[in-house]
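Multiple structures are listed underneath, in structure tokens.
Next, two complexes with chain A in common: one pairs it with chain B, the other with chain C.
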Partner chain A sequence: MSETAISITDLHFAYGRHKILDGVNLDVPQGSVFGFLGRNGAGKTTAIQLLLGLLAPQSGRCSVGGHDPQTDAVAVRRAVGYVAEDQRMYDWMRVEQILKWTSSFYPTWDHAYAQQLLRQFDLPPKGKIKTLSKGQNTRLALLLALAHRPRIVILDDPTLGLDPIARKEFLRSVITLLQAQGTTVFFSSHLLYEIEPVADWVAILDRGRIVKAAPTDELRDTIRRFVLRPKASMDLSKIPGVLDVARQDGQWNVTVETAGAETRAALSAAAGDDVEELGLNLDEIFEAYVIGNRGREVAPC
Partner chain B sequence: MLKALLWKEWQEQRWRVALATVWLLGMTAIGLKTRILPDIGVVMIIWNPATIILPVLLGMGLFATERKERTLSYLIVHPVSRSQILAAKVMAGLVAYVAPFLVCGLMVCLAVGGRELSTADLAGGFVIMGAMGIVLFAWQLLAGLRCRRGETYILVSVIVLGCWGVHAAVVEEWRLTENVGYWTWALNPFAIGNLNYAKPSEVWTVITLQSLILAGLGFGLWSRFRRLREGRS
Partner chain C sequence: MFIRIEPSSSSPIYRQIMDQIRRQVAAGMLKPGDKVPSVRQLAGQLAVNQNTILKVYNELCREHVLEVDRGNGTIVAQGNSTLSMSDRKKTVAALLREAAVQAIHMGIPPEQTHALLEREYQAILAEKKRSPHHE
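This part shows the complex of A and B:
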């Protein structure tokens, strides 16, 4: 996992005056399952479109599998398997027709593997795409993205519109399969419970910037929540790395980015021994980064 | 790859080609059989509107329908250059446009060539109308490339036709061909349709100017399609 599969450096993109990406920097390690998180409209799809060379950035660079999408978009798309959110395919084609048609674009297309996936995903070869269910459509899009055995798979909210069972099935079958093959999976989603069990790296995109990128385990280990009842006056601005502070009935929930000795000492000084330390799940971590108040809106007690 | 792209375009256009061929052939056959008008009148009354309507219907299917159904964003994520996608679309569009005229033109030449008009005159007329349709097709494609709905594409195409209609009226009203030069009329795609009545020097002016315009339209189309943003942000 030492090499980088996808690299983004100081990427800026705007639609007119509306900034979408504002200096994004990101490195995706090879072989990782990388969760790309952000609220709706955060710029995830735009970032992915830039990675595929479908859009041109105002400034900055990116590299996908060693290729620059701005100068060699065809090579990038050949090396990548991509499933867009709510992907629409030619509904007049039959499943076997779209397989044959798509195979002509990829020199590395593995026909035997495509047939294996066809059976595994339970898709009717003679069925017209317009007759497929939403789940079957997603599985077909995935089959088309995987059958040329790409080294990198980019999934842009692929389970959007699927029911919870179909989403679980999709994750179980697909991510596990890709993980076992050592494929790099760049997985964008706003459903954090989807990403948490499978992602070994996570990046949070907010208002066009990466606010955090780290291994999932490291995030869980370092980001902590302290529950306390301050006895003395406490100035939160002096506590390093405060992400969020919530106050209710005299009880404070302080979420900090790096719970070091300095932080613990500052909190103990204010609340004595009455400090409880809690770990957070990805959902809570995401919330702290994206809508956390950084302790600014809470008056010192 | 180009073969696969052409196959896809042909599958999408073939019913339009079939419909256009049947309609054109049927109407022309009825007109020529009943002899309600001289042969030249029948051909003009049926083929002139077809020259204008068919490119609109075909062009609508090439981009606007694909954008509306969001399949263009699926197409452009394949590892194929936009130039190839555009080339396949334009080639398929041209074949789909020319095929009905070619089939019907041959049938008409075989059936009534030499009856009132010579086969050469009939064939020449068909070539002229076909060429005018191709230039109009290019103008409409360039103007309607960004349309996300078929209806919008039709509206844009009608505006394009309207603009050239106004241009023709202005040239006529202000006698620009006499006062400024024949090139003022030769710019208009409808000038191709009038080549039968033009002097040899005027024919060459029209052919040269329209060839240059067609090349420019092709470049403009490529340039616009290359920068076309597809998908959602």
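This part shows the complex of A and C:
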């Protein structure tokens, strides 16, 4: 296993009695582009704020670039470029002013690189921040996060509110700028189809837990849906690796995580040869993990 | 090289790209010796992770669809003569086995499966004849 850039161990966080993170474990390999997925309210932003030391966990620990954000938040902030969800910047400043101001916090700030990004992102140096468009705002926030040449970049839903072309441009710049340099990129989104092309790895967070973390290629290769008509009464939830069981007009749709020999044998036992196997698209995969019942709620027939 | 990624497809992105390149070579739209874009270029163009493109190129080199031309990048392989006939047959047999499994699962009888294979083969040959000779 390669070295990890970010590791999270048994992290718990709650606002009062409202549990947000309930034992999160995650390892982000160095140099990877890591997509962090979840529905609205799944806990993505909270997890990211814990990584930066902006919140304190009830228990568990994390390590970002070898530093603990709870005890050494400054070291973490120096190693990391961070763009918050809906990043706010002082809107009375001009672009060149905020560059100068932000640069004073970072000993490793690269002025030449900042100027290069300014041109590449097509930002007006004299423009006031309040006059920038949403897309320009996002690009400016990214510039401020990258110009100190961080080893790790954490982006909280960076493409929220951008149009499809701006989104693609944004992802393209993440790939060409950061991946070439071997920077680790950890970014959250609730759109699986947006994450898939750019991410090496994907983790799905649901109700405060990681329900799946895997290399992106593996997702569509291994997850399968079987359509069958069970012959006799049968508890399909006993089948290993079942994510979701849905019934429709006497047909059963069984979604499984990895369709190994054991699973296939169990399904054949239930329905004989009348088993149809389908691959899933990303929306269906996400759905299977997030609202899949893992076979529990369906009564045996 | 024109490649289109279908996000709603059930096949992974690397396989979509691989299949499209393989098809373009089979149909003669990419000719032996033609240069394909660099990993970085294609990754940027498609907004796809570089490792995905790298995986595609490595896999296609292994299959002798593409080859690395030292100092000149990656090119379409000059014929498939590097593999012995028995190895080539083995590769195709493995793919056909998957197709046969699917055919059995989907209840398509053997003769109809044969007919489907024949039709696809002829379609690609026809496409190859029609494809314009670009320089």
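Just so it is clear, the second predicted complex is superposed on the first by the 292 of 301 C-alpha atoms of A that agree within 3 Å, B and C clash if a C-alpha of one lies under 4 Å from a C-alpha of the other, contacts with A are read in each partner's own complex, and residues count from 1 in each chain.
Assume a contact is a pair of C-beta atoms (placed from the backbone, for glycine too) under 8 Å apart; a residue touches a chain by one contact, two chains touch by 3 or more.
Just so we're clear, the structure is a prediction, and the values are computed from it rather than from any experiment.
> Can A:L278 be said to touch chain B (first), chain C (second), both, or neither?
second
> Does the superposition put A:S7 against chain B (first), chain C (second), both, or neither?
In the superposition, A:S7 touches no partner, neither chain B nor chain C.
> Once the shared chain is lined up, is A:N25 touching chain B (first), chain C (second), both, or neither of them?
Neither partner.
> Which partner does A:I175 reach: the first (chain B), the second (chain C), both, or neither?
Only chain C; A:I175 stays clear of chain B.
> In the superposed arrangement, which partner chain does A:F105 touch: chain B (first), chain C (second), both, or neither?
Only chain B is touched by A:F105; chain C is not.
> Can A:Q115 be said to touch chain B (first), chain C (second), both, or neither?
So A:Q115 meets neither chain B nor chain C here.
> Tell me which partner A:N253 touches in the superposition: chain B (first), chain C (second), both or neither.
neither
> Tell me which partner A:Q70 touches in the superposition: chain B (first), chain C (second), both or neither.
Neither chain B nor chain C is touched by A:Q70.
> Residue by residue on chain A, keep only those touching chain B in one complex and chain C in the other, then list them.
No residue sits in both footprints.
> Which of the residues in chain A come into contact with chain C in the complex?
33, 168, 171-172, 175-176, 179-180, 193, 196-200, 216-217, 219-221, 275-283
> Write out the stretch or stretches of chain C touching chain A in their complex.
Within the complex, chain C touches chain A at residues 5, 7-14, 40, 43-44, 46-52, 55, 102, 105-106.
> For the complex, give me every residue of chain B touching chain A.
Going through chain B, the ones touching chain A are 1, 3-4, 7-8, 11-12, 69-71, 73-74, 76-81, 229-233.
> Which positions of chain A touch chain B when the two form their complex?
So the residues of chain A in touch with chain B come to 15, 20, 41, 43, 45-46, 49, 52, 54-55, 73-75, 77-78, 82, 84, 87-93, 101-102, 104-106.
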